[in-house]
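Given below, in the form of structure tokens, are the structures.
Common to both upcoming complexes is subunit A, partnered first by subunit B, then by subunit C.
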Partner chain A sequence: MTMTFTDIHMPPRLLAPGGTPSGHPAQVLRRIAESGLTGRGGAAFPTHRKLVAVADAGRRRGRPPVVVANGAEGEPASHKDRTLLRLSPHLVLDGLQLAAEAVDAGEAYLAVEDGATSLEAALAERRDRLPVRVVRVPKRFLSGQSSALAQYLSGHAGLPRDQRPPVREQGVRRDPTLVQNVETLAHLALIARYGADWFRSVGTPSEPGSALCTVYAPGRAIRVVEAPFGMELHRLLPLDGVGAVLVGGYHGTWLTVAEAATRTLTADSLGAGVLIALPADRCGLADTAHVLRYLAIESAGQCGPCLNGLPRIAAAFRTLAAPGPQGTSRRDVARWAGLVEGRGACHHPDGTVRLVRSAFTAFAAELDAHAAGRCTAPDRSPLLPVPGNRS
Partner chain B sequence: MTDDAILWYANRATGAVCLVLFTIVVLLGIAVRLRGRLPGLPRFGTVSLHRTLSLSAVAFLALHITAAVVDSYVNITVLDVLVPFVSDYEPFWLGLGTVTLDLLLAVLVTSLMRERIGQRTWRAVHWLAYASWPIALFHGLGIGTDAGTDWMLWLTVCCVAAVLAAFCVRLAHAARESRLTPAELLRSAEHRTAERAHS
Partner chain C sequence: MAAMELGIDWTACQAHGLCAELLPEHITLDEWGYPLLAKDPLPHATLKRARRAATDCPVLALKLTSRQGS
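And then the complex of A and B:
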């Protein structure tokens, strides 16, 4: 990465912030509504509805809301948020100011895992109405979950809490809180600048606009690319010599290569924006077992089904990933998956179950081969990145 | 039998009933916390039994107190019922009963308002229930007319033994729970599956 020191000899002009008109909040809100922008943190929730809900909660309860730009990219395979913050910090900060104005916020935060120093330098170059505090959050899978983030910013441990009351009503120190992914805020700034029609000029009518994706293609460096919704997956990700594709990150879905060839980029499948092509000579079960182990350790350990279920699922899946006798592991995993689903305060168990079930479908043939005592993949070393073993 | 004698018997009887009922309520409360299941009842039955019996116990406590106040043989005022250690009659032992009532009132009111005040506050106040049980026990031992009788002695011993046993189970559970982390559970689960594969 190149360090930029733009303010040493003169105030920056070329690399200066600005360009986004600070339009009237009502006008900004209307444009966001017309644009059809959805959140880019994984849940694809309509941004306009969230803004309106937070603004309402603030007025109703007489407490100015808090806005949080969420750059806590806990997903180990995702790089899009940190890349965006490094390349276009001012676009995100513009969006943050616009969102703050739209909900009439009293406080603003930018939450990141690292790179806080250069972001503080970028903030010093600006003359914002609302000062923004950069907060470094712990590097954990769940740090970016909106209630975990609100808890952390309130001075508690950064763990998810019960969804009632929702963060939009009572988030950071019980104030109404808007948590938006940094990419969503960047889109928001561009929509304020160029209008809803410009935004809708790419993508599909039902899912307008574009999204940042972290793309893992075999034999190539990891890339962050921007792609419009509705684009065929095989154009983003060459599928030659690929065995399976993981769409959406570690809470996402495994697709067989035949399925992937028919799919397009959609907001609800994209999740955290991760697209991984698993080369045909790798064992998808070994990789999934590796990731499940990580997801089990990253459970906040607060809800019984997640605390007890995920480690059991991970351990049994490890048996399935090794060629040889499997006992009742396959049935156990399927049963436990049903028992943990929908029974957490956050969606960690649900996302994990999604990965497990899709692996069962996409690697069904490989599972049978393992049960018969052989693995069809010559290379069994895991490919998917998992942060250092903390167990 | 005179009216006063009836009140006196009623007071002693309800006192003993309160001891038994509140003991059962404490045991059920611990069972709820341990997510225990009573034979013949669905799992939510433990919670509703705890709730129903605690309300019945409060009703008996109200009778116990009313009988004591109305009884004119000893002078106990309404003020003595609510403010501890100010009564003319046995200020210390009666005061312990008053403290119990105050604690239980806090537990009762917060339980009725649980939806409103939130889980965290409710739970903090609910811990007081554990404190109220031994205080009430000492109140009974110190002031109870029947404290010296054999049947009351055995009843008390049984109640104390039951609550102590349940409390030990509760402590062991808490100690085990604090050791439960996802990483720890993963390690033991992997250990188990590896063993099963070798056997």
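And then the complex of A and C:
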């Protein structure tokens, strides 16, 4: 970890900032376009298009944009962003400066849940053109949602807002705003340094490059690994003794182990980069119910369908997770899933529905077993991490 | 003229339900009283009432905007 001791009167050498040249913004933009880099915060949006849109909005409206490095890793199972910020803070900060130059930004922020002090120390070692303010955001699932982040940085509560106008047009204090995940910025810095061909030398032609993943394998410590797109999931995550795999995090998708064995790492399925192998002796329904309760609590409670639907879905799913009579729960969950999908200011309901539907598919046999009054899993304690005592 | 479409600011909508009364062929209410919009485009003849529904929404959550991408 990088530290600055005030009584040592020399700039660091071994722990010095990285060596990314600040190329001409047009050249950096061209390299990013050629690289095919997509956002690593979950939505996998093409980075070049976002940079261009924000730069255009700034010019059109005559307001210098704001850039935000998004390290608010609200996904409880994900550790990749904080790991990257701890191991390579200067790579992220290089990327932030390059992105700021590319959009001609007037302000820059780095948003994190924790670790702010060491990041401030890292910033103090640099001579950046644009000063960066480190901001600590609340530890909530939705803190890193781009409009919530823009709201928080504008001095409001950190809650999502209606997407019209979009953050890229009117974000922090109504200025055009670029919100970019910290891993995306680190890739951006490396592309500026080594070029698009270097970036594309791993991954697949349609999904070039690599991504950081938080990997949960049974009986092993949680690891953050970097893997190329196109890699087989079973090479990242041993599937022996595994019953199902959760890909992408709590807004992600459950796969049966048979499906997981045929899949590769793709940008659109990777989401927040979480890969969790559920051991075969665990109950996937019990785990999903546990996560759904958390997701319902983490709803911002602003949008009617989400406010009404998520707690009902979570409660009915809890019924399904226990062996015994299910009543109308299965039908209710399916109906409510349809009612919350696409009907919110952010994608929290949509991501929750993705998890619910994939659980229905991946654990179909277990659902029937529960209806018949038995659970096939010897161990019903939840495995997936959920922060406790949040209100 | 650009095609118009209805949208809802979900953070503002409080399920007053007025929009469904003013535009019943295009807006129904879900089991909690929140509007469900028909998927098909707004017919030209409906535009005037759609505009009225948008301006009459007590919390201005119903938005009439030109269709994205056109």
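In this section, the second predicted complex is superposed on the first by the 381 of 391 C-alpha atoms of A that agree within 3 Å, B and C clash if a C-alpha of one lies under 4 Å from a C-alpha of the other, contacts with A are read in each partner's own complex, and residues count from 1 in each chain.
The rule is short, and it goes like this: contacts are C-beta pairs under 8 Å (C-beta built on N, C-alpha and C of every residue); 3 or more make two chains touch, one makes a residue touch a chain.
These figures come from a predicted structure and were not determined experimentally.
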*Looking at the overlay on subunit A, is there a clash between subunit B and subunit C, or do the two fit?*
clash
*Could you say whether A:Leu339 touches subunit B, subunit C, both of them, or neither, answering first, second, both or neither?*
second
*Is A:Gly324 contacted by the first partner subunit B, the second partner subunit C, both or neither?*
first
*Identify the partner contact of A:Arg164: answer first if only subunit B is touched, second if only subunit C is, both if each is, neither if none is.*
second
*Regarding the shared-chain residue A:Asn308, is it in contact with subunit B (first), subunit C (second), both, or neither?*
both
*asked:* As a test of reading the superposition: which chain, subunit B or subunit C, is in touch with more residues of subunit A?
replied: B
_Touched partner set for A:Arg136, first subunit B, second subunit C, both or neither_ = neither
*asked:* With both structures aligned on chain A, tell me which stretch of subunit B collides with subunit C: 20-28, 38-46 or 92-100.
replied: 38-46
*So which bits of subunit A does subunit B touch that subunit C touches too?*
308
*Okay, in this complex, where on subunit C does subunit A touch?*
7-15, 30-34, 63, 65
*asked:* Under the stated contact criterion, what part of subunit A meets subunit C in this complex?
replied: 159-162, 164, 302-306, 308-309, 339, 343-345
*What residues of subunit B sit close enough to touch subunit A in their complex?*
180-183, 185-190, 192-193, 196-197
*asked:* With touch defined as at the start, can you tell me which subunit A residues reach subunit B in the complex?
replied: 293, 296-299, 301, 307-308, 310-312, 314-316, 318-319, 324-325, 327, 329, 390-391
